[in-house]
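Supplied in structure tokens, the structure appears directly below.
Order of writing sets the labels: A, B, C, D, E and F. Residues in every chain begin at 1.
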Amino acid sequence: MSLTPTRQPIIPKIKRETIKKLIKKGERIDGRKLDEYRPIEIILNPIPKAEGSAWVKLGNTIVMTGIKLEVGTPYSDRPNEGVLQVHAEFVPLASPTFEPGPPDENAIETARVIDRSLREPRAIRLEDLAIIPGRKVWLVFNDIYLIDYDGNTIDAGMLSSMLALNLAKIPKIVSIEDDNVIIDKTVKESPLPINLNVVTVTVGLLDEIPLVDPLLEEELVIDNKITIAFDEKGRITGIQKAGMKGIRTSVLDEVIDIAFKKANELHELLRKVLSNPENYMKTLI
Amino acid sequence: MEKPILIREDGLRHDGRKPDELRPIKMDVGILKNADGSAYVEYGGTKVIAAVYGPREVYPRHLALPDRALIRCRYHMASFSTSDRKSPAPSRREIELSKVIREALEAVVFTELYPRTTIDVFIEVLQADGGTRTAGLTAASLALADAGIPMKDLIAGVAVGKIDGVIVLDIDEVEDEFGEADMPIGYAAGIEEIVLLQLNGVLTREEFNKALELAKRGAEQIYKLMKETLHKKYLKVLSE
Amino acid sequence: MSLTPTRQPIIPKIKRETIKKLIKKGERIDGRKLDEYRPIEIILNPIPKAEGSAWVKLGNTIVMTGIKLEVGTPYSDRPNEGVLQVHAEFVPLASPTFEPGPPDENAIETARVIDRSLREPRAIRLEDLAIIPGRKVWLVFNDIYLIDYDGNTIDAGMLSSMLALNLAKIPKIVSIEDDNVIIDKTVKESPLPINLNVVTVTVGLLDEIPLVDPLLEEELVIDNKITIAFDEKGRITGIQKAGMKGIRTSVLDEVIDIAFKKANELHELLRKVLSNPENYMKTLI
Amino acid sequence: MEKPILIREDGLRHDGRKPDELRPIKMDVGILKNADGSAYVEYGGTKVIAAVYGPREVYPRHLALPDRALIRCRYHMASFSTSDRKSPAPSRREIELSKVIREALEAVVFTELYPRTTIDVFIEVLQADGGTRTAGLTAASLALADAGIPMKDLIAGVAVGKIDGVIVLDIDEVEDEFGEADMPIGYAAGIEEIVLLQLNGVLTREEFNKALELAKRGAEQIYKLMKETLHKKYLKVLSE
Amino acid sequence: MSLTPTRQPIIPKIKRETIKKLIKKGERIDGRKLDEYRPIEIILNPIPKAEGSAWVKLGNTIVMTGIKLEVGTPYSDRPNEGVLQVHAEFVPLASPTFEPGPPDENAIETARVIDRSLREPRAIRLEDLAIIPGRKVWLVFNDIYLIDYDGNTIDAGMLSSMLALNLAKIPKIVSIEDDNVIIDKTVKESPLPINLNVVTVTVGLLDEIPLVDPLLEEELVIDNKITIAFDEKGRITGIQKAGMKGIRTSVLDEVIDIAFKKANELHELLRKVLSNPENYMKTLI
Amino acid sequence: MEKPILIREDGLRHDGRKPDELRPIKMDVGILKNADGSAYVEYGGTKVIAAVYGPREVYPRHLALPDRALIRCRYHMASFSTSDRKSPAPSRREIELSKVIREALEAVVFTELYPRTTIDVFIEVLQADGGTRTAGLTAASLALADAGIPMKDLIAGVAVGKIDGVIVLDIDEVEDEFGEADMPIGYAAGIEEIVLLQLNGVLTREEFNKALELAKRGAEQIYKLMKETLHKKYLKVLSE
């Protein structure tokens, strides 16, 4: 059951007014322009035990994605494909308002939007991940951990997922006997087959004014958030409207225009990072 | 199951519909005795019931909001509604859809009229044949109206899709499964606001624009049916 | 853990007194006689996706049962039989007092009483539902949904279950290879094998006065409910006493006499409906 | 396991009992230190402990009833009590039996004497060999008496059954599994009221009448043992 | 998540002071010496349906352990060994402060300490419990039920576990076909293979004064509890410190000395009981 | 996986360390923005984050303690932290370790200064390579200091072990898996108190004494690093 949110970070009324006033003037509390992303820091493969991993800091929002590959059973309606599972954990260290427990609707929505945006354009070549067709395939677990929460978990989660997937390597298959597949995780062989990259751009709306990459404090005052996924060919591969107000078509148009522009920037960033990944293979501290 | 032909040589769809044609739609309100408001909606083979309880006391109390009513919304599929039996425990999909439907309803309900109360919306999918969330949203909107809860506007839900390269209205399960995109929307046609929007699939910008226009057109037809249904009901109540 | 019920529909004291006074005069708030069922409306197979389904409206109590057939593993102590599973969901749209969540003790009791009453006289020929003896059998899921709640869920649930089971058709088996059974749910073949019909009759007691098919408001004032299942041969195939008072043997005797008479009426109704099922295959609205 | 012979040629049962014969029954009260009242009961191989806590404060408070004590009852089987290990999580069967046992106890406890409190009854089946709910009910009734909670009457539980066509008293697990009917009752022999009644199986009306009479006769024997057990305990307490 | 305990049995301040004063004088409220165990009563195999069972009464703490043996799948990293699973249930009849529900952190800690103390010295010869190597092995369920709670559940639970394991008999294997192992639980054959016995000794600390086998009321006033497991060769096979204070090394030394001495007594008791088990095969009442 | 050689012919360990040598240790505090205090700790391949929230209001209120702060502690492993993916639901192991870490922290925090509040400690293991609970305890202690919560002393955690018969400091996962004993300790080196102590394995009394001494020696080195880390941080704060 979904409930109108009640336990939210509290934001003083005066700050709420300031944020709104600034946005209406085209400004933001952290000095950004309305269509500007926060600075993005990237650390690749900080978790060697994962098959791939990426730490993304988007302003003060920190997300870590780890990819795990396990041998398992395919879905009965796709017997010859690997299985992608995207999960998001909003662990309680990330925010004073998070409680331990199974993922809530916000974590589930984040995971499902990222899942769909990856799945629909076939970002991963799941058809190359069968081991014994119909019986054993690779399960790709894309686990997104929110570590510090300052808004816009979807874009940060998608960036870190896309990076971690690109870095992921498939463990060595040692032997196959009947349905018994023995693997050696200490030896990583071929890379996970990626078809194309996908990014999401989240745009907030306040009185029909669009603002890119909203901060948590902004999320608490805006009317809506629209997340749009774009693949590297510029196609829309997913949309999710969130928030408790309606949107007019003309405003939506404007939002998509902005998102498209920003998506190109994010794809550019992905290309830059992935063409020289070793530059980003730093330690966490 | 192999992919069937979705667009036939004559340009019609697998069930004979034109690309911009809705399935047969049925709706009624006030079908349940206990609920304060209720509705039944059919989009072809998709069959949905919604019930509204409230405004009523919040329990536990600390969830109550001082300045508005809480909306609690559950979208749930009956275990027999799908081809393979569905476990009755709420899936991640049902949790997400409960959220997006609730947010759509928040956009039209005058919640500030009922502070410290809750308005509960329960949607049960009896049979799933594509478009369950949008039929559910339509039913929820009707049930709220039936419960006499003041709203800015009614919401009509409908899904458009892309199948074999063609943008079509009100996709059913087969079209969803084998098509290239499924885009459900919730549209408050009177105030011309989109209150629910998701895209599950791949579209170019042009296709998106076309799909959105088609969706709005379809929603307007459903919206008209909703008005008629409520009108008939009120006339009936008045004449009693 | 079972608790004395605390969160019940509230019924004003004056109404409570009226109900009691009427019953003692042999009358009821809805004008029925003490031994009279409410009107019963039946819609058969409203859910074509289910293997069988039935909508039963007993006064204002609405119950929908859907039968699903899946391929699964038999119980180890009955390796050559199909498996019957009866579940009841008291979904929150049915009553202001129901909350979302797993079935509570009342839903579980309803399901288990119906389950036993069907299972004991072997109402379904489970022995005909083996596919690969000892390995693969048909699982028969009998899912009872309470849609509007105005008392006597067991009798309504049993009626709709019995109807849905009679209508259920077994999907086509396309191929069997090793333990892999492929079925096609779009083609329904032979009917589910039914041995005999069972009905339940629920009788309330107030100060030792029996009343058949209690309304919800009556359930809130009576002392006890006794549910008795009868098969079409007139045998008792299940009993469940509910309620927080004791019963004397002589009163129980009287209850069984009444229940037996009413069971015959319900069996008559089943026969009538099942001999011309097409007459009841209407749409829901 | 194949069906064994349940009624031998000499008319006796597989364990040598006559059709109307109880298994060896043992009982004791006050066996636990922490509980306010407790009891241990054996019906042949069926071994059950019950504990009563209360009347005590209700937690959380909003569950309290203004005019009577709440009864909370849990029937639970130890994981090692059955032939195949039982998962410790409560099964649907345990949830149902907790309810019928609670309702049986409600029929005799003077709950109106302790408004706003709870009386908690916990039953643990240590070994299950048929008749666990009825042995559990007997133990719960003894534990309530041991806790000094005022009751209209004691309750004796016993199951009758039909095996190989014969109505028999106090069926054990083998007789339950391979027999035709199992009918557990709870009987307050002093006030002559049936407080628990279930039938799992098929009986004609005549068989039912016979079974009920036999059950009452058996329950009266157990009831007598219960009285003696409590009497002995009180004498012991007095003499200390 | 672990919380500072809040719902504890309440113990009046005056009693608290009495307990402390006595301990500092080297005395205890039940008249025992500081290094003395409470009387131990043992009943062997009271539950014939279990493969082995033991009832242990340590003062007023009562624990029953039942061993169940089932056929199952080995752990993938130990394909040729049986599986030991230790569970502890603190059922609500044992204490006014226990609530129904899944095991809490105290029950889990008790089970895990006993599990490790048995597992590490290989008290059970799990390597003899393979049925079909790599596929089917015996699962040994060691289920500890706390029936009356007056402190020191670990020592009582370990004693009853060790006794029940020693008494456990492996059911007969009737047939093995493919991976299908049919067993007959009514016929018990060879004993469960035991390598050596293990006992635990729990020592409480109050202002650095050690006291053996603390009562519940003592547990509520002491600073710490240290549980030390010893096998019959005198080796330490497990340690667990519990409690919310620190310990100095010299005090810890003293605790281990005492524990070692008491462990010898408990091993002596085990030997005595297990050399004449029939003497302890009494009925429960 | 077969047992590797844990102690090489030259007396060094599989990764080239001496028996009494720690792995490379890194630590930092104040790494999270939302938390009141936070820390990151690496012991070789083991990587752990801890966050502290509080003292803050207890929710639900009835859990509050009148005379002291409640400590709530969660030790949790990320699903990608282990070789085989770990389910995100808390395991029995995580529940136990949350308890022993909480108890260790209770021994040093001046909880009586903040009655009716809660101090929440959340530990996430990002990569597990042996010693996760002890690295987690070190990180928790640093995060509490970073949050400015008054403590008697800092706690340094470290595990010693016995591998191929040799007592070694700060064992890693391979040494834990194939060794004979793993003994994690938490040591408040300033007040010389052991606040966490577990042994998973088999040791003679002499080996235990030797292991404990080695553990204390190792903890003292870590304790020194912790002091330096906090000192650097304060200097940095002061200079800003």
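A few notes on this one:
Throughout what follows, contacts are C-beta pairs under 8 Å (C-beta built on N, C-alpha and C of every residue); 3 or more make two chains touch, one makes a residue touch a chain.
Please read all numbers here as calculations on a predicted model, not as lab measurements.
Number of steps on the shortest path from subunit B to subunit E, with steps defined by chain touch: 3. Counting steps between touching chains, the shortest path from subunit C to subunit E takes 2.
For the pair subunit A and subunit F, there is no chain touching both partners.
Using the mean of the Cα atoms as each chain's centre, the chain most removed from subunit E is B. The chain with its CA mean position farthest from that of subunit D is A. Put simply, the C-alpha centre of subunit B and that of subunit D have 51 angstrom between them. One inter-chain figure worth recording: subunit A and subunit C are separated by 47 Å, centre to centre, where each centre is the mean of the chain's CA atoms. If you average the CA atoms of subunit C and of subunit F, the two centres end up 57 Å from each other. Residue positions of subunit C touching 2 or more other chains: 1, 100, 103. Shown for subunit F are the residues in touch with two or more other chains, namely 74. The touch graph of the protein chains shown is a ring with every node of degree two. Chain order round the ring, anchored at subunit B and oriented towards subunit C, is B, C, D, E, F, A.
In the complex of the two chains, the subunit A residues touching subunit F come out as 46-50, 53, 60, 62, 64, 66-68, 70, 87, 89, 91-96, 100, 102, 141, 143, 145, 147-150, 185, 283-285. Interface of subunit A with subunit B (complex): residues 1-4, 6, 77, 103, 105, 108-109, 111-112, 116, 120-121, 226, 231, 234-249, 252-253, 256, 260. Touching subunit C in their complex are the following residues of subunit B: 26-28, 31-35, 38, 40, 42, 45, 47, 49-51, 53, 56, 74, 76, 78-85, 88-90, 120, 122-124, 126-129. Chain contact summary for the complex, subunit D toward subunit C: residues 1, 63, 65, 68, 70-74, 92-93, 95-96, 98-103, 106-108, 111, 181, 183, 188, 191-205, 208-209, 212, 216.
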